[in-house]
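Going by the order they are written in, the chains are A, B, C, D and E; count residues from 1 in each one.
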Amino acid sequence: MNWIVRNLWLVPVLPVLAAGISALAKRKSRVLAASLAIGSMSLSFLLSVWAFAHVLALRNSGQPSLQVFNFRWFQFGNEWLSLGWMLDPLTAVMLVMVTFVGLLIFIYSVGYMEHDDNFMRFFCFLALFAGAMLGVIISNNLLLLFMCWEIVGLTSYLLIGFWFSNPKAAAAGKKAFIVTRIGDVLFFLGIVWLYAQSGTLLFYDNGAGFLEHSAISHLLTQTTTTGICVATGIALLIFCGAVGKSGQFPLHVWLPDAMEGPTPVSALIHAATMVAAGVFLVARVYPLMSAHTGLADVITTSTALQAVTWVGSFTALFGAVIAVAQYDIKRILAYSTVSQLGYMMMGLGVGGVSVGMFHLITHAFFKSLLFLGAGSVIHGCSGEQDIRKMGGLGKLMPVTFVTYAIGMLALCGFPLFFSGFWSKDEILHAAHTWNISQAPFYMGAFAALLTAFYMSRQVFYVFAGTSRLAEEHHDHAHAADTSSHHGSGSPHESPAVMTVPLMILSAFALLLGFLGTPAWPWFQSFLEDAPVSVNFGAFLTGGMLPVMLSSSVIVLLGLTLGWWFFGRKPIESADAPDNFGKLSPSIFTALGNALYFDAIYGATFVKLTTLLSRISDWLDRWVWNGAVQTVTYTVLGFAHLDNFLDTNVVNSGFDEGCDTVSRSGKLLSMLQAGRIQGYLKIVAGALVVFTIFLLWKAKI
Amino acid sequence: MTISFFIIAAITIVGTAAAMSLKNLVHCVLSLTLGLVGLALLFLLLGAQFVGFTQILVYVGAVAILAVFAIMMTRSAEPMTNLPPASFRLSGVLIAATVFAVLAWAISSATRSLPSQSSQPEVSVNQIGVALMHQFVLPLEVIGVLLTAALVGAAILAMDETGASR
Amino acid sequence: MSPLSGYLLLSALLFSIGLAGALTRRNAILVLIGIELMLNAANLNFIAFWRYGPNPAALTGVMFTIFSISVAAAEAAVGLSIILAVYRHSKSINLDAMNSMKG
Amino acid sequence: MPEIIDQIFVLLKHWLMGYVPSLLKPVVSAILSVVPVLLAFPLLFAITTVLERKGLGRMQNRYGPNRVGPFGFLQPMADGIKSLTKEDIIPRTADHLVHLLAPVVIVIASFLVYAVLPIGRNMVIANLNAGVLFFFAVGSMVELSVFMAGWSSRSKYSLLGAMRAIAQMISYEIPLVLASIVVIMAAGSLSTVTIVNLQATYTGIFPHWYVFTPWGLTGFIIFMIAATAESNRCPFDLPEGESEIIAGYYIEYSGFKFALFFLGEYLGMFATSAMAITLFLGGWAAPFSFLTWIPSYVWFFAKLLALICAFIWIRGTLPRLRMDQLMNFAWKFMLPLSLINIFAAGVWHYMPAGASRWLVVTLVIAVACVLLSRGLRRNQWFHVRTYRFAS
Amino acid sequence: MLGQGILKGLAETARNFFGSYINKDRLTTVQFPEERLPQIEATRDFPFLVYDGTDWDQGMRCVSCQICEKECPPKCIYIVKSADKKPDATGKPQFYPARFDIDISVCMSCQICVEVCPFDAIKMDVDFELSTTDRFGGLLLNKQQLAKSNEYYNKIHPTEAAAVDAALADERAKADAKLRQAAEAKAAAAAAPPTPPAEKTVVQ
């Protein structure tokens, strides 16, 4: 076995070690923390590239590219718990992506967090996150994956609440932790169920892993009492974990709030890597997800994959709709992330691993680019996040503007030159050819339109027109001076340590798409172990061209609409109503509040409980009380009558009864003497009685 | 049923009985130690060397000392003057005697079905170690966690509530 | 009488002695010691059954005893520190004085 | 010929056993094994007392005992006669039985541990399967006798001394046992004979003593420090700190019982030293392969004497610690270090042989050592004292 | 580095250990019975009685005035005054102690008896090797055991003794002069002057 496969564990362990050392190191040294984190990440990156190259070489030499390394962790009873890691194209691609994007974001963070007091803590958490995420990627065992998954959740919590002195950030951290926990509990149930059914948690184990043929076919033959196939049940439970982590509807609510964390965190965790972990999980257990009872050659879609598709496509549309009406620069991107994650899920559902993963990879690059650009804007505007108070930054921050624009066009899927176009187009194409329903396609297409629209809205708001920041700062000059890090309120270009990662990422956002064009689907075939060749004819087959054209038209339409509403004439002041919002203010407000989802979640249960208590209150007050009153007055008459009899005849008897009850109570309470030895005596007596009973029974 | 068994059994019973009946608490603990050493010797007699030595190490070396410390720190080394009423003691002894009678009855009624003489099992510490590290590793871990928790818990419980300055 | 029943009788006797101590003494430390004795009697049973049982190679009795000894040690530590805490609270470890849970 | 000299005592015993009726064989065999040990080590005790007094004297630029016999070497005889003929005083309020039993228990416990110490090739009283465990189990009985002595005397000095001694012994027993665990891990056995046999092999001329590994050296040093504390010797002699509580737990003893305590303490010290030799210094094995012609028991006693001299040297050098320093040292330095040492030994086993594992293990231990000692120093438990008047 | 001080200390004791064998000057011990330190002059432990001349009983200076007995804080002196008088060293008739005991197991060496003695009859000794096998009799010294000659006194405390002797001689000279005057007056009257005996003691 190759060295890199045996020592793949080094990839996640290096950042974890860096985190551990910087957590334990006594001296507060920024240089130490940053260099440890970046150094370990670079090493991991190099190892990942090596692993990638190894997979490539294997593929070129025609060997199976899936390699696993399993070992026994510990024994309980007669069972062994095995753990392990694996290297296959999916792992290799994800490794390179995560380490590369992570490395860039680490470098960017050096500039972004420069003025923060808890610089060391930040890098410690960040490195721990990177290690755990890489652990998720390489693990060949659902349990190991789950452990890393939970560490990822923990670091996400820690980093969202990084500025925990801000109550909003602390609450957002808690919310993220708890909401993802719902998904994770179901995921864990799935794991337990799976272990009970198949007896292993290894993905691949030379034919004994649960993703391999024998286990899957075994799972397919089992059915639960409700008639669902066990495989489907487990797959759905695992998908619940992915829903939580990837912010799919209805567990998406934590993701926008997570933007309270530092922007590099939003870029790394809540755009590029962690939220993609859900998608990755679905891709990893794809054999289980896609398992269906039908014949192998009949193209059918399993129940689980249908669920994935529907949830994904709905989320895609849903996120895009909400993003239209947001004002916070990071929130727009957050809802966009939700929407794009929906796309990925949809891609997985309709087109398989390669389709979803391709979008995952391209999205990771351009979305982290966008986030970092947003971070640069925020950094330049001294912490301002409201797009209404920006504007005109295009001239002041040229590098940021250009790179941001590239990222935005990639996200919108601007035809031909941007990576988002190719990946999104492939999803749409797959959705178009889906044999179950056409609805996902239309939902996705509409979402694409909206994407183009809200992104152009954002860009026009932020970069076009005149600066609305100055007037704001003029009013609060004093406040700005104290709150700003630099003491000057005017927007400025960010330092090179921040812009260089932006440029590198924008290059990737441009170029990465060409790895997976229909004409040369290298990426897809790499994931699927298929040969690849250049074939321009692929554009013309399978309805590809109409889909491409229509999506181009949609994107252009969206951009045009954006320009029409927001770019045509510059926005004058921060208080001016939204141009688009003027069309239908009420809907716009609803969208601005994310369709009141938080409110709905908060209110449904409260409302229900309140309603129930109201009803009982009413019943109590009128029905029961009225009845009781009536009875009371009736009885009262009798009572007066009885009083005479009572005092003389009944009372003495009743007193006697009361006395008896209280005396017996006292007797009983003597048992409860508060003296343990008394209790012990009773236990010993019981032991005697039971032993005699058992012996007596045995005799008979 | 060898002579040594009866001698050791007598030592054990005398030690434990003294531990439960002497007036002076320190004497109680010391005779308890005698009884526990007797028990350890019984373990050795049964061929469980490791368990026997562990018994001495844990009970004589740790638990007895701990009890002695507790006695010293609660100032109860002086012989007790106010004994519980005779009826209380009598009832306790009676219950214990009943328990013994019932257990003895059970054992004697089962004595025919009990396995009789078998060869001394050869067990080395090595085998115990292997078993602990493989078959029983999970209980071992759990016990480790339990001991740690007990250590921390005991330290916290015994810590002076007011002594925050420490 | 087989050797095993001798050991069993001895362990029953030890158990009863421990029980008698736990039932008759008023000092919390002695009660704890009595309970320790009862645990030890059980240990003797485990070892005796292991020695004369059908499958001594399985080491189950020995393992059980080892774990039981460790648990007993933990129990003694916690128990005695609880006694210390009680003593600090009420200046007495007489079980008669601890009856605030009286019904 | 060297083999015969090496095994001369074993052969002698076999020869004697030939004349013994078979019924008495077990008993006589046990007596023949035990009696030499019972004679040799008290003799060593006698030699050690005079050596210690002379050595300490020389370290303080004095002569030490030099009156009784040539160079004062008959001094222990004189001491022994004196203590035997002295009046045996028992305090009036003392608990007579316990007061009497305490020195007996300490001597018995101290002698019992010699059962598992191999003092030469094929020269061990009992080759127990769990020998090391036996050693520590019986050794822990000393604490009980210390308590018995301190409590039964009804003197506050003795009670304080006993409590100090027990606290100290319990605290240092943990690093003592943990330090020996590394050897048990390496040898894969709890039997002292096996452990020594494993060390009595050679690569070239160099033996395989465990002290010649990083973890072994660390374990040895931890073991020796803990052994010093276990045997209540300077600088850990708080339980008998003369200037504070006179003689500690045996202050109320006189005459023969006092001598028994003294004997018990020294026997305990020899026993732990012998255990250190067995575990780390190769037991009776010669330090170089070309020296194997010297009988094994000679090597054992030579090593034992060397360690005793080290004890004396340390006693002559170091001042007594304070109680809090003692406890901090045990719990905050020795305990973590011995745990890390176990970890290091584990790493050693799982790394391939070669320079790399030397480097890694040494690094682990050195880093731990430096960090822990910095921790000790940071809170100023050990600090340079400044004297206002003396200097 | 931890342990540096310990190593330094170990080196120091090792140096002492070996040095004491190589360099005898390091050893400060005096091997007592064989070799002794010279006593310094101010050494003193228990009192003794000074006598003049050669006969201890005849030349004892003590006149049994019993001041020392009264002043002694631990009351370790016991004196029985004689009933008669006999001539002292100077020939002057004086009372003498019929019995003079000091229990030196009680004596605390306070030297008050020496301070108060008007006749310089009691002085402090330097002899410290006093162990006996009899705890009660052996340390109770009688008159004969206590009596030491003036030469001995001069030997152990030369300076002090010289001053005492000078003072005594002075006093006696004065007394002699007085006597002589009286004698001369008498001789003048009787013309038969006696020889002054005091000069014998003064000239040593």
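Note that in this section a contact is a pair of C-beta atoms (placed from the backbone, for glycine too) under 8 Å apart; a residue touches a chain by one contact, two chains touch by 3 or more.
It should be emphasised that the depicted structure is a prediction, and the values quoted were computed from it without experimental measurement.
The fewest steps needed to get from chain B to chain D, moving only between touching chains, is 1. If you take chain C and chain E together, no chain is in touch with both.
If you tally contacting C-beta pairs for each pair of chains, B-C comes out on top.
Using the mean of the Cα atoms as each chain's centre, the chain most removed from chain A is E.
Once the centre of each chain is set as its mean CA position, chain A and chain D turn out to be 62 Å apart. Centre-to-centre spacing of chain A and chain C amounts to 52 Å, using the average Cα coordinate of each chain. As a whole-number value, the distance joining the C-alpha centres of chain B and chain E reads 75 Å. Chain C and chain D have centres, each the mean of its CA atoms, that are 34 Å apart. Contacts with at least two other chains are made by no residue of chain E. Shared contact sites, meaning residues of chain B that touch two or more other chains, fall at 50, 54, 62, 69, 91-92, 95-96, 99, 103. Counting partner chains per residue, chain C has residues 19, 23, 96 touching two or more of them. All chain pairs in contact, by the document's touch criterion: A-B, A-C, B-C, B-D, D-E.
Those residues of chain D that touch chain E in the complex are listed here as 55, 58-63, 313-314, 316-318, 369-370, 373, 376-377, 382. Every residue of chain E that touches chain D in the complex is listed here, in rising order: 1-3, 6, 9-10, 12-14, 16-17, 19-21, 26-29, 31. Contacts from chain B toward chain C in the complex involve residues 1, 5, 9, 12-13, 16-17, 19-21, 25, 28-29, 32, 35-36, 39, 42-43, 46-48, 50-51, 54-55, 58-59, 62-63, 66-67, 69-71, 73-74, 76, 80, 83-84, 88-89, 91-93, 95-97, 99-100, 103-104, 107-108, 110-111, 114-118, 120-121, 123, 127-128, 131-132, 136, 139, 143, 146-147, 149-151, 153-155, 157-158, 160-161. Interface of chain A with chain C (complex): residues 669, 671-677, 680-681, 684.
Residue ranges of chain C in contact with chain A, taken from their complex: 19, 22-23, 31, 95-96, 98-103.
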